[in-house]
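Both of the next two complexes hold subunit A, though its partner changes from subunit B to subunit C.
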Partner chain A sequence: MFSHKFIVRQLLAVCIGLLATVGLSAQEIKIADPASVVVIVNRDSNDISFMDIKSHKIIGSVFLGNNVNPHMAMMSSDGRWVVTGGTRANKAYIIDVATLTLKKEIAVGFAPEHLAFSPDGRYYYQGNPDDDSVSVIDMVSLTVIKTIRGFAEPLNITFTPDGSKAYVANYGSHWVGVVDVSRHELLKKIHVGSAPAIASIDPERYLGGIKGVSNVSISNDGRYLYAADGDLGIVTVIDSREDKVIKKIPVGADPWRAFMSHDGRYAVTANNGDETISIIDLQSAEVVATLESGPEMMGINFAADKAFVISSTTGFLYVYDMKGLKSAGRIKIGEVQIETSTTDTADEKLYLASSTDNSVYVIDAKTEKVERVANVGLYPWGTHILDSKDNYCH
Partner chain B sequence: MAFIDLSAMRSATVLKLSLALLLLLDMSLAQGHGVRDRTRAEGLKRDTAVSASQAVELTLTLVEVEQQVLQTWVRTAATIDEAGRVLSATLCSDEQELLKLGQRVRAFPPDSKSSIYQARISALHAEDDCLHVEAKLAGKAYERSPLYVMEVITQRGRFLAVPSEAIIEEGERQIVYVDMSGEADAASAESADDVTDDTVDEKGHYRPRQIQRGLQGELYTQILQGLKPGEKVVTLGSFFIDADYKLKSSEQATSNAHHHH
Partner chain C sequence: MLQVYKADSGQNKFSFKKKALGLYVQFVPLVCALAVPFSAQVQAEEATREQLLQRIAQLEKQMARMDRLEQRLNELETTAVLSDPETYVSRVEVFVDEDGVEHAAEQPGTHSVVTYQRERVYRRQTINEKIDDALSGEAASRVQVGVDAAITMQYANQQDGSDGEADGEFYQLASTDLYFTAEIAKNTIFYADIVGLSGTTPGSEIGGLTDINGYTARLRENDNQLNDLSLREAWLMTALFDEQLALTVGRIDLTSFFDSNAVANDETSQFLSDALVNNPMLGLSENGAGMAGVYDPKNGVTLKLGYQQSDSTATNLSDSLFQMVEVGYQFNPFGTGVGNYRGWYRTNNNDDGGSLSAYGFSLDQKVSAGITLFGRYGEAETLSGDDDEFFSGGVQFSDGFGFNPSDVWGLGFANTVLGNDDEETLFEGYYTLSLAERLALSFHLTYVDEEPDGADDFSYLVPGFRLQASY
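The block that comes next holds the complex of A and B.
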């Protein structure tokens, strides 16, 4: 039925395959389970380190190069890659998770910072705020296949659950860009609001250093988008089916972004202008509580029915009871500058990057017990866990 | 009755005429194939060329043939317990053989993939020809959906593979377009009369090649025969390359046929 040559060739192919597999597993596999690690972005040591979630030991780190300054990292849904943008190197970096090796450096636009994967993991969108562009990287060929231009300081990128569209937040303006993912083209600009009349009186404040939209947060059902605008002090609700603004919710001054509670009930904005948080009930799209917080808020995490607000320069985590919608004290991390945090997939622990003491703090959300993991790298800037609901950056 | 007989006669005549027409058509088709076969053997283009500007326009993307980790994501519907902690599903397809305890699972309600939950396979029980699967979620599921989509990520090993989208189905055959850059100069010289000015100076010649595939994974497909490690195949844009190749081949065949006659 089969020729002798064919059978020999098949046997040879199987043997080569086996050898390759055995060789690789014996020699190189360092992380067999991508869900078992916390990814740490070390800005000043220019590396990405990987910490075991259970033991809190650093498994290894991947050096990216001198003066790279990685900003944010994310793991692909198949657990195969970790990607990061090097802000000073104008490059994207692709790390093979299993072997902890740098697979590829890819030139992108100026000062890459925030990024996102399409839900199927096929495309990696890298925002380049100083270039007003987004680089589209094909994760199969590991090449830039397109550069989408026309943004205004693009920061965070949010894909719809079906992967058909991506929403790009423009911090240098007051609109959200809608990208058609099938063609990687900017389809539409959704204006979240107009610059106030005072802009003409005080253009330096309102037009000089614009504080626009840093992130577009998405509801659990994927239907609605919430874009906080710093200058306008509002959260604009967008219907993703029609890409139309359906409501503008006034919140505190200079909201950084809306952080979504995991149960899908609330969006919480960190208002750095008046050092408050606004809690928005997503059912009624109304602010149901405005609570005092601290200065320089960088992020909010949710776990154990609480919200943890990171006040960067004070070294405090402000805690809120999300059932009673009231303040629940604060946790002193130390005389340190704390940055951003991720929550584990069990919603039990937070992994907080602390830049000035080169540490990650592990916080038990229920007991509020804090454990320090020192020497994770220089100036840890952010953390990431596969499939966490709190994967964000500054 | 006379009307019926007439009708039957007409039917028989129509049937005979149809058969004759079919025979004629078959003969002309056979003759047509013969002409095409002769012209193809002599002068069909062996590859297609794409200029750098066209490649950008097509987002033409190449991938090196190499060893890749193949994953199969086994997808099934699951119910969830009242506590929102354990997913249960029954799998009756061949894919049940791929499932093992401890494998990573991604779960989400069918109406939205916006909220992904992580889980692990915690129990497997054979039930007749099917497999009952339980997966324990890392955290509590908040959505009150009665059903969840469960994606079990199974590792198949490392194989010589190409991205699945590089493979073009042509009936029973599978084709990939291989980058012939190394032979670009020769190919350009051969085809200089046939291509437009902006293509002759450019590298980027692609030739179809039949392959034999093995396992089909989530992103990659195993190659059993037809490709060597290090060769480059077209992924994004392969459809356009294929269309261009066939169009030019057809034009050339027509031209050659006219020339012969």
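The block that comes next holds the complex of A and C.
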């Protein structure tokens, strides 16, 4: 015989199950196609907004919590999740894209900023620059399964196309970390370059602060990596098969990173030290053009055979003809501070975050016509589109 | 395992439950009498065990809480500022209707208005960020001061011709530029450059057509006055029309705006000889009051217009009006590298009330990442009727062609032929060793051959060095 308590328990469990099932099915599907949205990171309103890519209407936003200050967002390759690192909350946030709900908060290291998904979407690597670590989050269990230590201000993370290795850029040093993804271990450090010997009489330049490697950019075929070093003014070319430095290319002063043109022909560095860009021919691994640009360059986007360089504090987009390798004017966005931008998958439009007027500007790459989408959130810091070739952060 | 489920001593009846099956067993008092001592012991042990488990669980909770608090404390102590929510003022565009009601988006019957609004946000900043913001805000509102100091040492060794005054002499010049820059309004800056010169240069004693040391160009009114303080430039610049047009008004050096060249235009870091810094056919002997307008839509084409007073002794601008126009084009011919090509035309009033004109070209063309060719040409009218002519050319090496990555060196030549048949040919080679970010040491070797009309030819070899500091 079963007791009445046992029966009550069983009934309760069934009821809870039914209620849960009904509740889940009742949750509204807000985004059916994850490729149809622009993800916007709003640093000061502490939320992630989702904008319809056709109508430019805000579909909804997911609030993360006070003082979270998200830095960068990325969508998983299957479009199921959007993840972001809350820089001032020391947490990673997992958002369910379909329902626009915050699925989970996960404690990571100090000041999480840049991040990347493994190509198969299984792992989410979250860089924690103030913690000199990378948190590895398993996207099945949604837990941190390992914290890889030993970096020096790790910023951007780049996976090889086969997902076997990840390259971690260290802005606080002059080396690139190679991570074995199967074991989530730091395998080796690739030295990108040395300060000239004569630097010993100018120690303040190298000891006062460091501008190392902010990003490791990868060629379309995954064979070569390009690491720009700010202090050394070079782009170091690494063969990903052997993890060996094969060339060091001098560029302008204080290159922020190398941005890869979509056709795989050029890498373009934004040299904030002398306000120029260096265009590197990837076939010859030589600088083929050095062109004047603006101050405080935050990013470069490619579309319609042009390169668009974001000069943050001036509110200008400097435009370059990538066929003629020459200047092609500039677009005045406004008396605003502009941040970073993403390009749609058709290479037709740019979606530029403008922090000081809480807007996203949509720029037609061909006609250079600009449309403002206002009130997307407070201090939009970056944008992201699934499968875009220009998904980057500061 | 059997567990005590219920003890009801008043009824002398004990109940046990077998958890897995949910069965109950009841014992009669007779059996119970035997079971009491055993059950009491079990009960005591179970209670102790429960207490221990509870204690362990409690300790684990406390440990986890301590870990969290420690992490939080560490975070607060090292990075975060305990502050109120951050507030800042943002520029907002709103749409106002006829009734004065604001709308966030444009609607029929509304017009756009720019206003300012305080935002209150939950943005936590680190102490470093707070300090940096405060310092940069203060620095932006102050006058910026810069110093550019140089010492040049040169030795003149005569190669040909009758004994000259300069042969075997050393010359040293100390030059200090003090720069003042202040942003006085949006896209509007004030700039002043005061230069102090002390010492000697070989130019005055060699007596060539151009200055061997470009530091003194357009500053000396008298070759013997080399211990003086001069206001080189003082101007106000504003940028208009989306910063496509820059207007500069004040005491200016038009050669800073016109006839520029990427690799042969700066005596502080490139060639030292004035013939490899500027085109002598510009005909500017000194700086003066004037204006320069530069239209640069950033598409490779630039248009420049300017004028200045060319003679400080003139009593009015009309009698000493120097006017200039230049068109520049930047492109990448055949993918060889970036090239800058400029053509200019100028007129200058002369003492007879007439106007003499000149034209010229300046180009620099990269042929590889570290090699840049340059050239200049110019032709100027003279009062004698025959034109003055000038051309120069050379090459600069950088980006890894030296001992250090930032070292630069170059070779250049220049030829000047005046309308009266005076001729000068000059060669210069230099190597700039970048000692530190703000300190450079250059070695120069100049050969100058002078062929004055109606006099003996003479030539000099002038080795020298330049120590340059900027901060």
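In the analysis below, the second predicted complex is superposed on the first by the 365 of 394 C-alpha atoms of A that agree within 3 Å, B and C clash if a C-alpha of one lies under 4 Å from a C-alpha of the other, contacts with A are read in each partner's own complex, and residues count from 1 in each chain.
Basically, contacts are C-beta pairs under 8 Å (C-beta built on N, C-alpha and C of every residue); 3 or more make two chains touch, one makes a residue touch a chain.
Predicted model only: the values in this text are computed from it and were never measured.
Of the two partner chains, subunit B is the only one touched by A:T143; subunit C is not. By the document's definition of touching, neither partner reaches A:V245: not subunit B, not subunit C. Once the two complexes are laid over each other on the shared chain, residue contacts for A:D130 go to subunit C alone; subunit B is not touched. Looking at the shared chain after the overlay, A:Y318 reaches subunit C, while subunit B stays out of its contact range. When the two complexes are overlaid on their common chain A, residue A:A304 makes contact with neither subunit B nor subunit C. Shared-chain residue A:K326: touches subunit C; no touch with subunit B.
Once the two complexes are laid over each other on the shared chain, residue contacts for A:T345 go to subunit B alone; subunit C is not touched. Of the two partner chains placed around the shared chain by superposition, subunit B is the only one that A:D78 touches, whereas subunit C remains out of contact. Taking subunit A as the reference, the larger set of touched residues comes from C, when subunit B and subunit C are compared. Considering their complex, residues 22, 24, 71, 75, 78-80, 86, 90-93, 104-105, 119, 121-124, 186, 242-243, 297-300, 330-332, 335, 337-338, 366, 368-370, 399-400, 404-406, 433-437, 439 of subunit C touch subunit A. By the touch rule above, subunit B contacts subunit A in their complex via residues 59, 61-63, 67, 69, 71, 104, 106, 111-118, 138-140, 142-143, 153, 157-160, 163, 165, 218-219, 224-225, 235-236.
Residues of subunit A that touch subunit B in their complex: 9-10, 13, 17, 20-21, 24, 33-35, 77-80, 98, 119, 121-122, 138, 140-141, 143, 145-146, 161-162, 184, 218-222, 262-264, 344-348, 386-387, 389.
Across the complex, subunit A meets subunit C through its residues 1-3, 6, 43-46, 66-69, 88, 90, 110-111, 130, 196-199, 201-202, 205, 232-234, 249-250, 286-292, 314, 316, 318-319, 324-330, 332, 335-336, 356-358, 374-375, 378-379.
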